[in-house]
Each structure stands twice: as structure tokens, then as C-alpha cells.
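Since the structure comes first, as C-alpha cells, the remarks are kept for the end.
Per-chain residue numbering starts at 1, and chain names A, B, C, D, E and F are given in the order in which the chains are listed.
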Amino acid sequence: MSAIDTGNTAWMLISTALVMLMTPGLAFFYGGMVRRKNALSTIMMSFMTLGLIGVLWVLYGYSLSFGPSMGGIIGDLSWFGLNGVGQDPSTIYATTVPHLVFMAFQMMFAIITVALITGAVVERMKFSSILVFAVAWFTLVYCPVAHWVWNSQGWLYKLGALDFAGGTVVHINAGVSALALALLLGPRKDYHKGVNIGSHNVPFVVIGAGLLWFGWFGFNAGSALTSGGLAASAFVATNTAAAASALTWMFLSWFFHRPTVSGIATGAVAGLVAITPAAGFVSPIMGIPIGIGVALVCFFMMRLRNKTRIDESLDVFACHGMGGTFGAIATGIFASTALTAGAGGLLNGNIKQVGIQLLATVVVWGFAFIMTLGIGKVIDLTMGLRVSETEESIGLDISQHGESAYGDEL
Amino acid sequence: MSAIDTGNTAWMLISTALVMLMTPGLAFFYGGMVRRKNALSTIMMSFMTLGLIGVLWVLYGYSLSFGPSMGGIIGDLSWFGLNGVGQDPSTIYATTVPHLVFMAFQMMFAIITVALITGAVVERMKFSSILVFAVAWFTLVYCPVAHWVWNSQGWLYKLGALDFAGGTVVHINAGVSALALALLLGPRKDYHKGVNIGSHNVPFVVIGAGLLWFGWFGFNAGSALTSGGLAASAFVATNTAAAASALTWMFLSWFFHRPTVSGIATGAVAGLVAITPAAGFVSPIMGIPIGIGVALVCFFMMRLRNKTRIDESLDVFACHGMGGTFGAIATGIFASTALTAGAGGLLNGNIKQVGIQLLATVVVWGFAFIMTLGIGKVIDLTMGLRVSETEESIGLDISQHGESAYGDEL
Amino acid sequence: MSAIDTGNTAWMLISTALVMLMTPGLAFFYGGMVRRKNALSTIMMSFMTLGLIGVLWVLYGYSLSFGPSMGGIIGDLSWFGLNGVGQDPSTIYATTVPHLVFMAFQMMFAIITVALITGAVVERMKFSSILVFAVAWFTLVYCPVAHWVWNSQGWLYKLGALDFAGGTVVHINAGVSALALALLLGPRKDYHKGVNIGSHNVPFVVIGAGLLWFGWFGFNAGSALTSGGLAASAFVATNTAAAASALTWMFLSWFFHRPTVSGIATGAVAGLVAITPAAGFVSPIMGIPIGIGVALVCFFMMRLRNKTRIDESLDVFACHGMGGTFGAIATGIFASTALTAGAGGLLNGNIKQVGIQLLATVVVWGFAFIMTLGIGKVIDLTMGLRVSETEESIGLDISQHGESAYGDEL
Amino acid sequence: MKKIEAIVREERFHLIKIALEEKGFISMTVSDIMGRGKQRGISLKWRVGEHRIEFLPKKKIEIFVEDKDCQIVVDTIIERAKTGAVGDGKIFVSPVEEVYKIRTGETGPEAI
Amino acid sequence: MKKIEAIVREERFHLIKIALEEKGFISMTVSDIMGRGKQRGISLKWRVGEHRIEFLPKKKIEIFVEDKDCQIVVDTIIERAKTGAVGDGKIFVSPVEEVYKIRTGETGPEAI
Amino acid sequence: MKKIEAIVREERFHLIKIALEEKGFISMTVSDIMGRGKQRGISLKWRVGEHRIEFLPKKKIEIFVEDKDCQIVVDTIIERAKTGAVGDGKIFVSPVEEVYKIRTGETGPEAI
């Protein structure tokens, strides 16, 4: 057992807190984008994950994901209820900080991943159903994928897949599942009907994006698990990609229309998504091409999707699914030999890494999509996924939560 | 004098900043819960403590609370104006970080404690009176109680009362005082009159709760005063209790009505309150029973109170008073031998600890209640506590502050 | 090359993140103060600097400001694109943390400085023009001034000018430029016309002020570049000045009218501004006179300005220009021998320091004012500075960004 | 048919609503308005002298009724809206020529 | 001249607006109101029993027209506002005596 | 009695209010509405072509007056609301049958 380093621990503690803050941030990022009558319900879908996954993770999630592996597929339950997870460092993960800190840091990732999905189902999904879905998806999709990619015995990890802070586990996983769930659920009844279903509070979107950006320093630079050069490098790569993507998106939206505020906010988030798997593996200045690239990919994906009847409402797939995919592949391209303690990526002549990245991407795409369809279908057939038409038209705030965001009931 | 540890100092600096952020967070948590016409006045009552207590603490508050003790009752004024409180560590408190950091960390506790009380008197108390009250209460109630419980010479500290991060000093103290002040003040004139006096902005309540949760990591894990295993343990206990309580409250509100957003937010805060005295003394998984327990206690306390004519408006007593009491006793029950460097709590067979906890609780209850009644009565007889009926019906934003939150004056 | 200290690095990483958060904070501080129809445009002016300066800084800004000096006037481009700026510490700046962290920390200062200026031009300046202005001003004003004052070879630095965290570089620079630009631009068409052009959302102003205060701990205490006594001292000085100024402003606004919420928020910011150059050079308790002094200076400056036709809309000059000037001089007066490793300030009998401070102040005033007039004039003559009258009356949200903050288009 | 426009105190709305319900008048349209009467709002004492809050938020209730029901609705509102203090509000009655019920296309009394 | 006040579903507003435009009726004034009809709002099933949402947000469209245009405007609105379900709304027509166009000072039909 | 409904530019409201006050007309009810006139709002040039902002926010002032006061109120409003540019707004006058002052129960001219 190695000794605790107070500096590393300080950085990991605050990183954990930063990632926690992302979930309320997301609640506002999403909550601002829906109509007044669904503001609370949208916020609730994110916020409840703090409670729900916060409990499930310490009970069994951490053990399934990071516990002793059963064949590289899933952890056993030997760390159930934080059994054996204590103040001393783990011998495997983050060996200079208390094991509890590493556990908590990972918890915040699980929480926000589940919250991310909810952006696709706002304004029409029953609260009870999203709750049941969250439990099932967390257990059957998140924990296994986290195990494969991040557990030191996980099969994708062993294959050499690079995912610094969660491109596959968090973003592809959430984005693809969001798409699957939106397909099952069908569009909102007012979707593409000439009704204004736009953002009721763009400042909330901005404060959400601001908190996400802020928290993402913990997400990415915290994934260095130490306080030093690697964290610094990931930190700068993160900021650079966010900035480049925000700027690119602003110009794109200007080209087609006007430089929108929701555009620059969305662009920032897309940049943060794409740099997530790459942050600690690429030279920080590579944040610029990655940021520009992801803005192009996501922006056009969003335009395309918007032409269809697929109501993937707040573009979780376009941003996180596609952004995560782009980032995973970009990691294979831009990874630097110096930072990966290995062969680097395509630019270092290591074409194999691109292949591994593609494989990991395809695996997570497929698994997330099929599992989500399955879970969703079962819920649909038993308790139903959608609220009634009347409830949808009154809004989910009142029909699901008995409250109104701005106290305007009479 | 021991040496400064940069890691511990980094953690304490950021923890101090985190606790500072809780006060603006509280301003929104409270501000969202009142009517539009009192939004600013409610926010102001919290925000002004940052200025007021921020000055008083460095002048004399720190010295009274943590300075050389006069018989375990109160500090003398030898540290007046930060005299002797410098960059070197204290020899008594937090011996590996600069004394100034410990001082600042404690300051943020004093600030938010005073702010907490204001939730009971919103929508009707004169601003000048709450200002005078704050000065008096801080001096005559907060400083003594902090001295008793946390000063190394304090009489309750010496008795062995366990209060990791402020169950008695902060929560019971504020909650019970809030009740006393609300009783003196009487209910709002529209209270229980069939008028909608509900939240004007529930998203503000959520952002407040989010910032409180985030800041509470500094509050509780920062109370370890070092960056290491103890901080990690307190951190995880904190999050677990918050999550368990939020979830429990959500189900409780569902059982009686619907799963409300203000319910889950309140539940989270209640969980954070209850774990405060216990955070570093209990095994982190104990956050689950503590969280569930406090949600039950506070939820039913709130329902009960709401049936009376006591207009303890934003449930400071129900949440902080009762939650803190529950937490203080729970600490006596769940404290673990390993973490208290002592005999542990009831579960370790040390029934005496429960007695000590009860004693400390009763002492703070009594002292806070009587002192607040006294201070409040004096203010009532001299300058008056309440605004006039006309001012109350126009709203305190305009009548006390000459402003309107959303610029809707004509 | 000295070794990386994990504690210092942790503190600098989080400080960098804290300063980043100030820009969204500022977006809300400013955004709340304008009319509904310009809320987004105001927020956008701040938020876009995160993207724009975030990219320019890593490309060439850091090299111009902190790179090898050409005669103390400006850096060369040898650090273009972060060339040579890596995980190892710099040999000159912050020698115990990765060079990348120091670079990123400084970046956040550049970002917010540009954002600060925009407060003077809200509700009437074309978005394309503010964008071009931002690029030019950043390159031609910010980078040189940062070089002079903070580069170890900068001519003002060598003269011995004391600026702990940016009184001249950030606040005077931004404040004076804001004044110049406002003069060029002319007042809003509704200014002083009996139309209500007040804050549309004061709670946003408060949340902005809260985040600024929180982030300022990174700004000032982070400027210690290490985690220890100096950071602690700067931290406490910062909080004390903010508190004293907030309180003073509250009483001032009470004396003339009522204790306004926007007043206490503005006062807090003014206090933070004034303590910025002094934070690490003065004994923390000096935050009290500095806070009181700056509140008086800025409050009366604001009243005075408001009597003129100069529509320096959100008082960037009054707060940052005058506050920064006051702070720079106060630093010369209150600097303590113990903390400056030198002769201290006027109170230590070193009158020369006041002279140096005055010189640095005058130089930055003059340079910022003239350069801004020049840049602004060129933009005025080429692309124009203002939106059309129609666009101004419809509001910039719709006319410049094609969006409405609260979705109230039909 | 008549249109009844009542401008009342916000805090009285609930009482009025219930009283009308009891008499069988369920339908109504409500909006938030700002208003002032002859008294020019309310005057508050501030440190720097008297300050006048000119416009105060009120609720506007619009009810369309058959001629025969007009008086009873007006009386019910007055009964519940009255506090006796300045600011109680006003009721205005004006003529309506035709009413259409969109769902059924009905007009006249059946449409109300 | 007539004043037409139509209280319609929020989500139908867009359709109505376009239909009126096509027939040449561009001018209108729109506001957000809360309303309830005879059905007393909508009833939802909650865990603890039935819960009634009494007031629902609606759009109020006000159009001032010459007498001869009144019927066509009413018919156009009805056509587009109708879903056949409860809550479709109402249209009220009342007399107007005079109109002034502020910009030109014109009155009467030219001013509309 | 008459009901005067004036739809005016937001930024002119203050001037109008003061002018009416000077002539002794204190009472009024004000609300925020969105409106468009014959010009279909305002057209802005955007990079991708022309864009039309159809509905613009306006203030609606409602004043109930005795018949004899009607013209002077209308004239005063017109005088202050007029800029000469498109969008100045309209004033509509319609008949009112009865007024009740809730506080006193008075009706007719004394109630206004």
C-alpha cells in the first residue's frame, strides 16, 4: 500500500465535488431548453439521479464496476456496501489517494451519465418510468461498460482502448441510449407541428453550460487521479477544445442564421464531450482541431436529425453520442506517444490504435442501443413509457410533480 | 509550530471557498420559496450576512469563539482584529495549515448560521431589525456556543460532545432560534388564509440546493482540517446521507401527493444537515440510515408544523433544528470506535456517548431559544420587529429595499 | 528545474477553474442588469470571451504576455501554440507547478478582463463589432500591459510596481477602456429619457456577484501561486475587503434611498476589485479600510457619472476603473514590509512606493484610453459600432442573436 | 349578454372564485395587470422622505354572462372583494353582441 | 366596428395566425391569460385520488374589425381553433364606437 | 361611460402617464401585450436574408371615463404616444354600461 499524498487527495476531493456540480448544471442546461410547463420535470429527471445513483453506487454499483472482475465482464459483489473500501488507498486505482475518494469520484460519473440520457425524453416520459429505467439502465448498462473500459481487468481495457475520462463509458453510452429511448418513446405531440417548443429560459441554459464547463475540469483533469503535469495537460486540453468548439459553433450558427447564445453554449458542451476521452492522451494544443472537428460533426448531425421525425429532444445523441464517437476516434488519431506511455496514435504512425478505438466504439454503441431498447420495451409493456395526452398538454410539472416552476397556478 | 502542508492547505482553502458559496446558495434556496414581491428581500437577508458577519468575525468573533478561553465559557479579545492570527499554523487548531485559513474556514460557518435563521422570518420582518438581530445573535449566541463546542477549552468540548462539522453549533442553534423568532414575530398576514403563498421560482430552489450540496463537501469534509482519509470518509458519508434523504423525501412526498421537486431538494438539505455532526465519526455507509431517518423526522415535523398557526416560514426549525437534533443523537449512536479515537457510540456499546450528545443538544436548544426570545423581545420593544401591514402587502422588496426583483415596476 | 509540488498544483488547478467560473458569473451579473430584450446579448458578450480569448491565448496571447521579452515591451512569439509550455514547471513563473497550469491560470485573467469591458456597451453595440474589438483590444492592449506589469522582464515590473492579482492589468485596464468605448459609442437611445432601463432580473445580479466572490478567491489567493501562508493571507484580505465594501455600500445606498440588493452586490464587487492589487501585500485586516474606502469612491463616482450624458452603462469604469485605481494606490499605502520582501508602503515610511504605483496607474490609464479610442474609431469608420435604431428598440437579443431569453416570441 | 370585468386584490381572488363557483359560475378568464386608482397607489415612508408606489399588481377577472345573471355575479364579487380599505377595485359591465363556442359552433346563451 | 376576443388553446395560435393572415387580417393583439370553462379545467388521477387543474393557460387574441369583416374573422378562427375536445375556447364579439390611429390621427374604418 | 383601450409603445408609457396625471386622470389599468399592425411587425436584415419580427411587445392602457372626458383622454394619449413612425399604436373606444366601486358599492359616475 502506497502512502496518501495530501496534494493529490486535495485535487481529487475537489474534482469529485466539481463533477457532482455538473448534474445540477445539466439540470439547468436541459431545464432552460424546454417549455415553462415542463421546466421542473426536466430538472427533476437530472436531479433525482443524485439521490438514486448516489445510493445505488455505494450499495452495489462500485463493486460491479470496479470490484474484482468476473472474467473481465462484470465485478462481483465483494465490495457491496463499500465493504473493504476505506480510507487507505486502493492498490489498483489512484494509489496515492484514499480508496473512498476514487470511489466517490467514479460515482459522480455514473450519476451524470444517467442524467444525460434524460434530455432525450423530456416533456413526455412518465416520471415513474424514467425512475425504473434509471435503475435498470444503471445496473445493466452503465456498470458493465464501466467495468469493460476502466476496470483493470476489463476486457476492453486490456485490449488497450484509450478512454481518458469517459468518451465511451459516459458520452457514447448515454448518447446512443438516448437515441434508442427516444425512438421507442416517439416524438412529443407538438413536435414539428408549428408550435413553439423552444427554450423557455436561455439564461438557464447558459448557467448550466457555465457550471458544466467549470465542473468538467474535475471530470477530465481529475481523471489524471493525481495533481501534477498530467492533470495540467488534461486541464488545458479541455479548456482549449471547449473554447474552439464554442467559437466554431458560434460561427456555424451565424453562417446559417445568427450567432445564437444557445449555439455557443451547445458548442462548448460538444467540445468538452469530444476532448473527454482524449484529454490526458493528446498534446493540449490538439484541443483546437478536436474542438473544431466536433463542432462541425455535431452541428450538422443536429440539423439533419431535426429534419426527421425523431424527437431526440435536447440532442443528447447529436452532442454526446456523436461527439463522444468523434472524440474516441480522434483519441486514436491524436494520442501522443509521450502521454500514452505506449505507441501513441495515428499521427505517431500507430494505426492499430484507431482500430482499437473503433472496436470499443462499436461495442459500446451496439450494447447500449440494444440493451436500452430491451429495457425500454419491457417498461413500455408493463407500466408504460409515456404520460397521457392530457398530461402532456398540461405539462409534466403539474401532472407528474404537482408543482409549477414559477408559481403560476391559480 | 508544525510545518505547513501544501496539500492540506489547498484543501482547506478550497473548502473555505466552498462554504462561502453556500450562503449565496442559501439565498436562492430561500429566495425561490417566497412570493415574487419578497424575492429580493429574502435573498438580501442571507446575502447581507456575508458582509456583516464577514467583518464582525475578523474583528472580534473569531477571538470570542476560538481565542484563549475564559473558563470554557467565552474567548477573550486577545485575537481582536486578527491580532496574532497569521500565516503560521495555530498550535491548537489545524496545525498543518496557516492559522488564517482555519480562521477563514470558521468564519464561513458563522456567516451561514446567521443566514439560516432568516428563513423563518421572511415576508414580514423589517430589514433594519433583522440586521440588529444578526449582530446581537451572532455576538451573544453564536460565539458562545461555538466556543463551548469547538474551542479546545470549551466546556462541552471537554465533556466529550461529538460535533464534527456543526450539528449543534450551526443547525440546532439556527433552527431553534428560528423557531423562537418566528413565534415572537407571528405569522404572515396571508398565512393560512387561502392565498397562494408558495414558491415563486422553484428552479431557484433547485440551484440553491445544488450549490448547498456542492458547498457542503467543504463544510463536512473540510472539517477534517486535512486532506486525507478522514476528509474522504466525511465526504462520502455526506454524499450518501444527502442522496438517501433526498430519495426518501421524494418517496414520502409521492406517497402523500406527488414526487415534488421542492421535496427532493429539501430532502437533500435535510440529509446534509443530519450528517453534519456525524460525518467524520461514522462509517460512510451509515449515511444511508441517517439519511433515511432524518427525512422521516423532518418530513413529518413539517407536516405537523404546517397544521399549526406557527409560521416558521421556510421550515428552518423543521429542517435544521430537528435535522440537527436527529444528527447529534445519531452521532452518539453510530459513531465508530475507529473514527473517534475513543469509545465510539451506542453501536459500539458506549451508551454514555448518547447521554453526552443529548446533554449538548439540550443545552444548545435551551440557550438558543431563550437568548433569541430575549434579543427578539428587546428589538420588538424598541424598534419593532415587523413591517407595517401595508408594507407587508406591497412586499418587502419595494418597501424595504426600494427595488423589484424582475423590474416590473411601472 | 524545481520539482512539482502536488499541493501547490492542486491549489493552482482549482484556482484556475475558479477564475474561469467568474466569466459566466459576470455574464449573469451584467445580464441581470439590462432589460429583458437585451439579456442574452449581454450574457453573450461575456460568454463569447471564453471561446475567443480561450483560443487566442494558447495561440499567441500567452507568448506575447509572458514569453521572452523584447525590451520589456512585449513578448516574442517563441511560445506560439504553447510551444515549449509543458508539464514541467517554468523556471521563471510558479516554479513548483506545471508550466501549463500557470499558463491556464493567466488565461482566465485575460478572458475576464475582456468580458469586463462589455458592460459599458450593452444594449446598443453590434455583436460583430464587439467581436472584432475584443480581438484587437486583447492583442494590442491586454497583452502589452500584462507584459509590462507581470512579465519578469516587463518594464513596470522592473520598476517595482506592485500588482498582486491585477489591479492595473485587469481592472484599470478594463475600466478605463470601457469608459473610452462608451464615449465613442454614445448613450443608449432611451438613456435619461424617463424610460425604465433598469435591471430585469436582480436575482441574476446576485448569483453573478456570488459566483464572482467565490471565483475571486482563485483570482487573488491563487495569485500566490503556491498553497500556503501567502495564499491564506490574500484569501482573508480578499474576503474582508469584499465584506467591508458590501456593508459600506449598503449603508450608503440606505442613506440616500434604501439598502438595495443591487447595491450590496455592487459593493461586494467593488471591494474585490480594490483588494486585487493589494491582496498579498497587505495585512489581511487592511481589507477593512480598503473596502470602506473603495465603496465611498465608487459609490460617489457612480452617482456623479449618472448625472452626465455618459452612458457607461453598467458602471465598469466607476467600479473597475476607479476601484482599481483606488486599489493600486492603496497598495502603495498599505503594503507591509513583511509581505513585500521589500520596503513596504507609505505606512512603513516608503513614500516612493506610492509614486511607483501612481506611475503604473497613469501609464495604464493613458495607454488603455488612447488605444481603445483608436481601435474603436477604426471599427466605427469601417464596420460601425452601433446597431441601427430599429434594432436597438427591438432589442439586441432578437436583432443580433435571433433569440429571445425567455422564449416569448410568438 | 354582458362582459363583467372585475379588477380586484390578488389575495381576494381565491375567495371570489369559490363564491362564484358556489353560485354556479364556473367559467372565467383571469389575468395579471398593474393598476392604480384615484389615490395614486400607496405612499410609503422612506428615510429620504415619502415614496409613492403608484402601480400595484391586481387580478383582472373577466366573465361573460347572460343579462339575467349579471347582477348576481357582480354582487357576489363585491361581497368577497370588499375589505373597506383603499384599493378594493372596480367592476365594469359592458355589452356583448355575440358569443361562439368554438368546440360546437353554438352561439348565444347556450355558448356561454 | 367590432371587437373580437377569442380565447384559444396556446398550441392553436400559430395555425390561427396564419389562416387570418391569408385572408388579409394581419393586425392583432395577443396576451397570455389563465382560464377555465364550465368543465372546471381538467382532472388528473394522482396517487392520492383525483386532482383538478382548474385554470389552464390560454391565448387571448383581440382583433378590431369593421362590421362587414366580423363574420369571416370569427369563422376563420373557429375553423382553426377547433379540435372537438373540451377546452377549445370561446369567441366574444362586442361593439366598438371609435378607433384612432395614433400615428396619423385617423379615425373610423381607415384607422383599423 | 366609455372604455378607452390604448395600445402604445412601451417607451412612451411614462410620458403618457404623466400627461394624463396632469389633466387629472389618475386611474388606469396597464398590461403587457404582444401586437402587430398592418405592417406585420418589423423587418430586419440578417446574413441569410430578411427576417420579420412579427409581434412586438406593447403596453395596453385601459381607462374607464365618463363620456364627457373621453375625447380629452384620447387626445392626450395621442399627443404623447405619437412618434410618427410605424408602430405608434391604436386607441379603441367602446361603450360601458355600468361601473361599481367595490369599496363603497357606489355605481355610475361617482364610481369611476
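Convention: contacts are C-beta pairs under 8 Å (C-beta built on N, C-alpha and C of every residue); 3 or more make two chains touch, one makes a residue touch a chain.
The model shown is predicted, which means the values in this text are computed figures rather than measured ones.
Set against one another, D-F and A-E show the most C-beta pairs in contact at D-F. Chain pair B-D has a twin interface among A-E, B-E or A-F; that twin, with over half of the contact pairs alike by residue number, is A-E. Inter-chain centre distance (chain A to chain D, centres taken as mean C-alpha positions): 51 Å. Rounded to whole angstrom, the centroid-to-centroid distance between chain C and chain F, based on C-alpha atoms, equals 44 Å. Remark: chain A and chain B have CA centroids separated by 33 Å (rounded to whole angstrom). Among all residues of chain D, those that touch two or more other chains are 30-31, 34, 46, 55, 94-95. Counting only residues that touch two or more partner chains, chain C has 5-8, 10-11, 14, 196, 201, 207, 227, 257-258, 402, 409-410.
The residues of chain F lying in touch with chain D in their complex are 3, 26-31, 64, 94-103, 105, 111. Across the interface of their complex, chain D is touched by residues 2, 6-8, 31-40, 55, 58, 60, 74, 77-78, 81-95 of chain E. On the side of chain C, the complex with chain F involves touching residues 37, 190, 193-196, 390-391, 393-394, 398-399, 402, 408-410. Across the interface of their complex, chain B is touched by residues 46-48 of chain E. The touching residues of chain F, when paired with chain C in their complex, are 10-11, 14-15, 18, 34, 42, 44, 46, 51, 53-57.
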